[in-house]
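Labels A, B, C and D are assigned to the chains in the order they are written; within every chain, residues are numbered from 1.
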């Protein structure tokens, strides 16, 4: 394979404030699919803080399959997310959808997420490659292992090695779950790239009750952390409610993961 | 399905200069994967002109899986493509990879291509939706029929209904061919959207000798045209040589398609 | 590849009474998914005879996903099928599901079908390999090209080279159609094995209105024939009604294929 | 779904001599892909016995993709397997490939395996449904969750509820691993059927070094056991050597799973 910069040689830790991806403790990223309002994200952040959480997630620019679905609050959402971060001291991650928004994102977030639909978006990979902010690179929903490695290599090629990989399920013939979570990818990617790898069982299954067992399996297989969607009222979430944990379920999960 | 603007009602023809997509005659788009030099694209255009061709293709911004592969000539490539167009009178199509290049593309090309890797790139779909230039929307390599319809709907939603769809194969478990060409998608998309649909058997198979039979099958299944890669010396092409026809093979194909 | 006996060298025709697979004229196999009753199959055979048909199909042993679905009439169904054959002079094909039924099948039918679910059933392949009756080998729904070639090789290895291959769609992520018809497989299998290849657009799409365009595409891509499901009253068929043509639709299709 | 007999209601344990599938302790099935000789299987059984093992596996009838690959020792292999069982006291499992061999299998083995390629072989499912011996039902390599449930339902429908399910990976576009292990299937199948579910990470990955992490993940996700291939000299195994553990690796795995 032509991953020349990465290639498993450097066992790399990625640090975000006090949080270490690839260290001894698994990292827990939690939050809502979308930032829905100032109150919503701040309240959620406070509750997660009490239970325990390493990084807060919240989408502001949302890649939605239909133009008629909620598209996110945009910059307003980023502001609320940053406010939630400042109040609680928890670093935040949000998704970048086009290169021209990169300065905006950098102003508000600690980790820039490249979503599954953009893993093959080489313009975007180049743009985040020129930053030195940590990048969370989700696997494309139909990306082979080799393509995913090369997407990370693009970012490293342009100078940024602060990359956290995230397995989030691949598209297969089966339709019981939203995607098929490919946990073998975790030890494979750690070996091939040397980068930290986390798992997103929310998108990886699309089914709330599967998040707990797949989170435990992720840690057992060697993942450096998990990323889960949490909502105070999942049935009324503006997006992805069916795969979001409520606060009590999150508490239960966090305690099982950490202890 | 929530395709409200499109939904099969309007049988729409897309006109590009004198070329009509969705008319009685199938349209043939041919050219090289990448514009490799001024001479290369002009020579190729002249030869295709003699044989017969409706639209010339040539990539200037190339979405390559590896950062170490040839990335295209960029604006320089677009200039050569336009020059080839002016000399021969053939309209041209080239791929847009990021929204910020849209004015550049518009200056040089007659049809803007959204490639397979960007079908889910909603920022890009929005950007071309705000133009009134024709858009060639390739199917994402793992896009369901529904997702492809909604990607077209995004473009229409932002105001541009000059959309030409292009089936180019989907990713499956089989690895004999580069992709699995899904010809059932042609009558399905025509019915669901009312838009013209063409087929790209070069990417759809990745194998030179399969281009002819699959082109004939595309026309038989009801496609409004085909898009094929042609190179004067396929074995020395800078990209996609193994799936490019040489000039004689193209001549043979063109004659079988048109008569 | 280790297809030593087959391997494209011998361009082989398979003869079934007066019908030649791999000859100049495409072969049309038509009939109902299941033999439903004596009257049903005889009436259907007579109507198909008037329109034109080369081989009559009718299932007696049915591989059904659920034990609660209609399982076929068994030997009774085979008797009716043979009676329909004798009345009309049309040769018949039916599916073998276990090796112990092989003598029974041989008594009643002219071509033995190995269905998609049994393409990997090596005991069955060995059993039909020891016959000299023609075998219709459908592609497994998730079989790679290589596995399909080797399944044919099994039959040839045990001595029977009267093999007709049938592409019937593969399982992919897309769920608009029942399967994804892989028409590139037709020229590939002809080249790799030298055997005649037909296409089943009924199972390949699962949608009645797609049978016509995909049949035309099959012939255009070089198939040696097609196999379609026909029912006098598709809405009340005991199985596969939604992908069966009615008599008028079949007439229309037959005339387009043959002339 | 039409799984009427199973449907998650009965939390069922399957007992094989002293071994309980679905009890508190995970079950470990280990052994070689094929029984290669009397000495090989007896020596292996003795070594596994010392380390710890619940059930010994050994293939006698092998479903091989190519007719030119080693096809197994047949009844001779079963005899050696039984001898190994008698010497060590470990119960044994082996695969049934055709219904006519069922009495033979029953004479020699404690658990009858239905392999992945035969999950859709309804004749075979019916045959084992009429026994009261435990059946190990592997998931078809391209079986949906629903189809797998219905395959188990076939067995139950014909009277046998002593069913152990085994996830062994599904076929996807990715080719780094032999299959994609679908660990979400474990909690899903337990809930939908109430049956014990084990995991086969050897076939599920095809890569020796991935067996350990995926075994740990299997237990973490809630599997009732694992099935792994072990060989004293994997590089010289007659089949599946690249996915077999050596004795030391097995010892390491067993200790991590059990304690």
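Simple rule for what comes next: a contact is a pair of C-beta atoms (placed from the backbone, for glycine too) under 8 Å apart; a residue touches a chain by one contact, two chains touch by 3 or more.
These numbers come from a predicted model, not from an experiment.
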item: Superposition of chain A upon chain D: rotation angle, C-alpha, nearest 5 degrees; value: 180
item: Farthest-lying chain, centroid of Cα atoms versus that of chain B; value: D
item: Rounded Å distance between chain B and chain C, as computed from the means of their C-alpha atoms; value: 35
item: Gap in Å, rounded to a whole number, between the CA centres of chain D and chain C; value: 33
item: Centroid spacing, where centroids are CA-atom means, of chain A and chain C in whole angstrom; value: 48
item: Set of chain D residues in contact with two or more other chains; value: 142, 146, 171-173, 175
item: Sites on chain C touched by chain A in the complex; value: 142, 171-173, 175
item: Touching residues on chain B, where the partner in the complex is chain C; value: 142, 144-146, 170, 172-177, 180-184, 186-188, 204-205, 209-210, 213-214, 216-222
item: Residues of chain A that touch chain B when the two form their complex; value: 2, 4, 63-68, 97-100, 117-118, 120-124, 141-142, 146-147, 150, 153-154, 157-158, 171
